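The same subunit A turns up in both complexes below, where it pairs with subunit B and then with subunit C.
The block that comes next holds the complex of A and B.
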């Protein structure tokens, strides 16, 4: 009754209504706090380049980068799971969400859900696939599917993945650091003298062939996240994405001792149900020499450790015996000599950076750093331009050449059936001049092809 | 709307007194004077005019009652017709206070005279049934000499002095009219033409009193009353061409809508018909009423006497005589009046605003009234935009019709006739701005977009008239459009270059950037077209578009004087990456080192370059 009095003053101040008022106030505060928290989380997410969530279909968090608070992760994971399962219940699948400068990409690969929140819209879907393959490489796809059937929906996969978080982390890091090669399923070759690379490959091939180990398929020399040499058994080929999983694995600093490792690894593009056994060694990573090169010998047989150890020793011996080669090789690996833009010749000062991708061999060649793209930020901004134009040319296949005059720099993109070329020029260059420079660059790359690319994969 | 007697002059009315004294009055249409003859001149002849105060007073011999009295243009000679066949020339000047000398003249054939008219101060035109003769009067010798004669067949003749035009009626029912120009001591026959006067059994012949000649809008018209038993009387206007080879044409027909006695005036290019029995005056404007040939009266009104006449004179009486162009003679009261238009009353008389403005725009010396009326109509939003534009087009002086009318007589080759030219009212852009557009802008009760639209219409009218708008006008239009928020319209008139480019305009547009960003580019475009490169660079620097400023300098090949300023702006606003690019660019252009010295050589340290090189070469992973 009293409450109903309009504008009532004296009656309205009785204790009962005051109490209820207080209660409601407290409730509002709680909601506001929650909202604030949620806002803070989202603000934080907005600032991150990549925030990745991996969870099981049933909402159990498996992996989160950037060391997030457990409680926060659980609630976000539940949210992601709800989004995905809701869309699934509609017979649809959730791909992505965008709000202003925030892009959220989802990937549902039963029994896992992947989600990435990023400022950058490009290639997020491929990045999530790479993450999926990264997890497959540890467990294999068949094992991944079986584990929930055997252990129940609530099984915490983290038990199986223990100790591999850093591999996933470094895989994510490489999205920013290395060129677009990873998500574009491409690799880069470490620049070497053609004769040295030839000698290297034939040596590896002959040693592998001589051992006659049935099931040893590949021999790879990796240095600085780049490939120095690769040999294969007959016609077997290894996919660049699988190679990148290997690169990610051997770049793990905990392995880098002079000891030998025997690691089971699944290469999902080769066979996502079975395992390879990788004999990994860093032959010159000791106190005397510090050559960060890694020899990986892959076999499908679990008992080839001793055989491959023998092969490794032969290869190392042969390489070391050729003093001239070895000096060149150690030099090339210690300080890789990337393509210098000044090699192009005159008028090339306006070209600041380029990335060349050969479509058939899936190998890239990246220019060495050059003023004014020096700091990490400066380099990353240039890289972003390239990523964006790469995404653009994927979306619009008819796009062949593109010249954009920006306020900071100019962008030149040239896509043909054979190659894609992304160039960052200074802001004052004209399209005509940039095209002349690019033509010279292509000529120069062609004449030094064997130095920057692995043209033929030697087989045994 | 019509006012009687703003000018007036009294005279002695006609009378035949018992003492034998007779007073007779004559109006000379050519000299516009009224002549009072007392006792046929023996007691004196007085001539007065409304135009000047000079009253002429002479005495002549009494040689019988004259039928016409005509004064020469300079007033020194008087032609008087006292007998049907001859005319007397009276030399007025030299015989003050005594009887005037006289000279008797006649045509060769001594036939009865139909017309006696002064062509010049000393040339007298005599017309009889068979010939028209031009006599030279020698004032000193008191003699006359035949200069030129031509054979005509005349039933009656009237003379229109302003154009020195003699109109002769002949033919079966006198309806065939022959215009003759009497000029340069020559008779020039123009093409004759037939008029339709509604002839019938009761009215066999076309009479002199049913015809009149007047100049309307720079063209000479013969006005003919056409009577009809079935319908109302019409006044038909036949336009006389200026040359002798074109046939005069029927042009307009004024629908009078009554029968009975009427008077006709032509004042300020308006034909005014006074109808006696209904006491109404009809005002026709052949340009305003309709585009077709027949016209209804624009205004039907009643004459009002000027307040200076107390008690007011009676109007439309039987004693009224009307003479072209504007003379009313009250023969009973003995007063000659002029009739005048009171255009300020047109707002009340012409309800349709657009017509009223069209009417006012054509009146002589009414510019002030017109502008004030236009402003009030626009304020009252009484006109549609289309009508506004029509009015604007008229007063810009751009209408083709006006231009051709103005110079009609000049355009015609071998023009033999002349007449008073008509000059249409032209309102200058300055007048428009100060008297109409600015008051509209300042009127806060009007929506800005309405005012903006009016200005656009004005601009369009100027454009149609191929007149270039003045800078101040453009500025005001732009400002008004911007205030009205009509950015798209503003954009359009700039883009399609309805208004001319100018630097002030460009800066005005630049200042509106905050409200419509695309105007910024329009402004820069104008500057570019004006080759105002320095200003463009300034604008770009203001917007911190330093790289663009440099590119612009390159494209335009501007002098190096601007470079230090741009370099300075770059030092303040740009990342080192851009500064580096600028320096490299200047080096490449072989610019003087002093120009870019301030950028410095130490943008990048060797250590960080080395580190970057290593990181890049070894594909080092990093987080930002």
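The block that comes next holds the complex of A and C.
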């Protein structure tokens, strides 16, 4: 369960809110027997920020992430289905319901219906899209569409999805850790020396290229839910959403052994009808080094297992042989050197946290947490502010600048065609000062660009 | 049915087609449906349609009416599944104290529905706005505003006819009568309803006060004090000049509805006759409602009797829901309007008379056969005698003072100011019903063009996302790509929204801050300390 989130605490590794959150979701299952009365269950459900229901459009429950009893789930699923089909009968489609303290979002993607109940209104539609793509990655969209035609309306899709609940679960958990659209439609790079990253990418590219495997398209190194290096065949591109599906897959602890895995996976943004075969290995996991890095090699050919195994070995050998690189690399992955706000220089104490999104590469850079945004609640608060402002700028594409002075902190948002920047400042900052700091920050990010972003994807 | 005693007589067709450049949109131009339902009446299978008490448009077939109301009811039940424990308790205690109607909103691809429940959740009102039509009409959809529009519609009905439950307390036999009333009211109310293109105005729902000097205000207060001393039967009172409020003594919960009715419906309709007769007796006051002939003592019947409004009692704690019927007298003189309310309750009325200094009055009411309400021609006559000189004096003083002042509308920005504790609201984006325009003889023309619809929408969304209802202080600067700036300031719960058009003076955040400071200093210093 050692999953660190982008922008996690600089000094501690195990305070990642996501990791702890995952635990809290699991805990519910563990203590299920203790929840004798309904009140306690309700109280428990309240702690779930997102209650998710996935069902077939015929009303059969497929996935829920809460411990309501089966009967209740069935009747709720029937209701959800009835709402959706009633709107459909009106030639309309249901999107959301709001009550005093809940937001319920619906997504109908035939043959499935997704529904999430949350206290937070932002980005729920995006989140459901992510879940849909998560399921597509397991079955592929075409297979999903055909299964009910072949097996009948009453088919229980859970048979086909057996064992993948935890992927959906962890996808849901990741919502909490991240300002969602920033992370699920974007990725972040693990900070590395530019020369090290360069060496890494060219090594991977040359090994992939030398193997001459027709159909092997991508090589990706993932660590702490971030990308260390990525190489591609010619001009093929992989969408950040697809990358996040991969990240979610390799963060699954059951895979994390020193053995290798050969997993068919559909990347819906790349092609929602076919499958990739992912050669997944954790070359330095559970050995003396224990570097939580994962190498993923993607091919469209089912019979590339041996070939990619070969490539993997070559990459690992070459990387390990460069001692200087390897020390730096393991350091970078074990204790990520996140962007420290003090790097900006003078006057930056007023800046508490920031998140920078580059629009063209869809890469984000989030500052290392610093006082006073350290505890889980504090960081959650900061993320909520960022989520909310990012939701506002999604709804209002013409939004350019936003400065909010609150009693506890200030929020500064700056959106241009090139980037979006979300900053949390202390409560006493003036707009003018915050603007100065932001300008310095942008300069600093520019000069360290290659450390925090993957500027060019190496091709082979 | 449409007698003069009916308050809705004055819901007449004023200007039905606002010009395209106007601040408002006709509600029916964006409306898909509106309904009032009583879920209990449709519990039996096959009789679901019986829950429908009122439905607009009437042309909709009954099945779809049932579907829509059923959908609304199901939405309420479904969302209740997810109420958190803390909210559960609150929801049970949540009477419709006026700020907190229990609501649900549903958003679909094509529409936005809002449902509210009232009167111990026995009744449900629902409305659906078409997203397509609102786009065409340049009306930004803002769910909290639609909620306010819906609850305002309910409150307006309640003010004139009392609570929904009072209609059906004797059982299902009364339902036809209830439906008739709803139909009578809403069939007029909805087609005439106009909503602001700046939805925040409908959401805040304040009233506009007249700014005036201290001494003059004292004049008004002493006039009202004397009036009440002379006629203790008058329990509540409102004083307006043109379409602005000067003074009120009634529950804050009734103020917005009453004010809206007076300024949007009653006063504009009386303007035409006033202009006609302007030649003679301009300073002579008169009643806008009720009998024309005050010289006899004939009891007031039918068309001549005064209308009754249902208001909250001031003495009761704020959460009391009981409404009391009051007869409303509206007296107008030289642009000044005094609105007086007398309890429409036999026993109380009698007591009021006994306390009255004018003892002959009580004898006159006793000697005459029972009439509609306690207000008699004699009372009207006496008040008229009292007011005609006093009010004319005060009114002309006010007229002199505000005549000297230049209209503050000559600004190069748009603004909304709202003080939740007094409900005082003023805005360059609000409607000025034809009244003030023609009465003051000048069109309120602001130098700046109206903000584009996306800016209005941004104002609303910024408000609801970044200006907390609970915090008393806050500040917010937003810039859109069209170079409009939005400034929201909240100081001591008072809210100021400035909408600054693109200009070379406001290119940076710092410029906007200093511009804001200048504006606050020059225009809002008196009411907005910052």
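Side notes on the structure shown:
In the analysis below, the second predicted complex is superposed on the first by the 405 of 460 C-alpha atoms of A that agree within 3 Å, B and C clash if a C-alpha of one lies under 4 Å from a C-alpha of the other, contacts with A are read in each partner's own complex, and residues count from 1 in each chain.
As a working rule, a contact is a pair of C-beta atoms (placed from the backbone, for glycine too) under 8 Å apart; a residue touches a chain by one contact, two chains touch by 3 or more.
This is a predicted model, so every value here is computed, not measured.
Overlap between subunit B and subunit C is detected when the two structures are superposed via subunit A.
Between subunit B and subunit C, C contacts the larger number of subunit A residues. Using the contact criterion defined above for the overlaid structures, shared-chain residue A:236 touches neither subunit B nor subunit C, since it reaches no partner.
Once the two complexes are overlaid on the shared chain, A:95 sits against subunit C while remaining clear of subunit B. Shared-chain residue A:407: touches subunit B and subunit C both.
Using the contact criterion defined above for the overlaid structures, shared-chain residue A:337 touches subunit B, although it does not reach subunit C. Looking at the shared chain after the overlay, A:388 reaches subunit C, while subunit B stays out of its contact range. Of the two partner chains, subunit B is the only one that A:427 touches; subunit C does not reach it. Between subunit C and subunit B, the overlap after aligning on chain A sits in one stretch of 129-137, 219-227 or 453-461, namely 219-227.
The residues of subunit A shared by its contacts with subunit B and with subunit C are 405, 407. Chain contact summary for the complex, subunit B toward subunit A: residues 545, 547-548, 550-551, 554, 575-578, 580-582, 584-585, 588, 603-604, 608-609, 612-624. Interface of subunit C with subunit A (complex): residues 67, 71, 74-75, 78-88, 91, 102-111, 143, 454, 457-458, 461-462, 465-466, 468, 471, 473-482, 508-510, 513.
Against subunit B, the residues of subunit A that register as touching in their complex are 49, 170, 173-174, 176-178, 188, 224-226, 335-338, 349-350, 366, 368-369, 371-380, 405, 407-409, 426-428.
Only residues 39, 42-43, 45-46, 51, 76, 79-80, 82-83, 86-87, 90-102, 104, 117, 388-389, 391-392, 395-407, 411, 430-432, 435 of subunit A touch subunit C when the two sit together in their complex.
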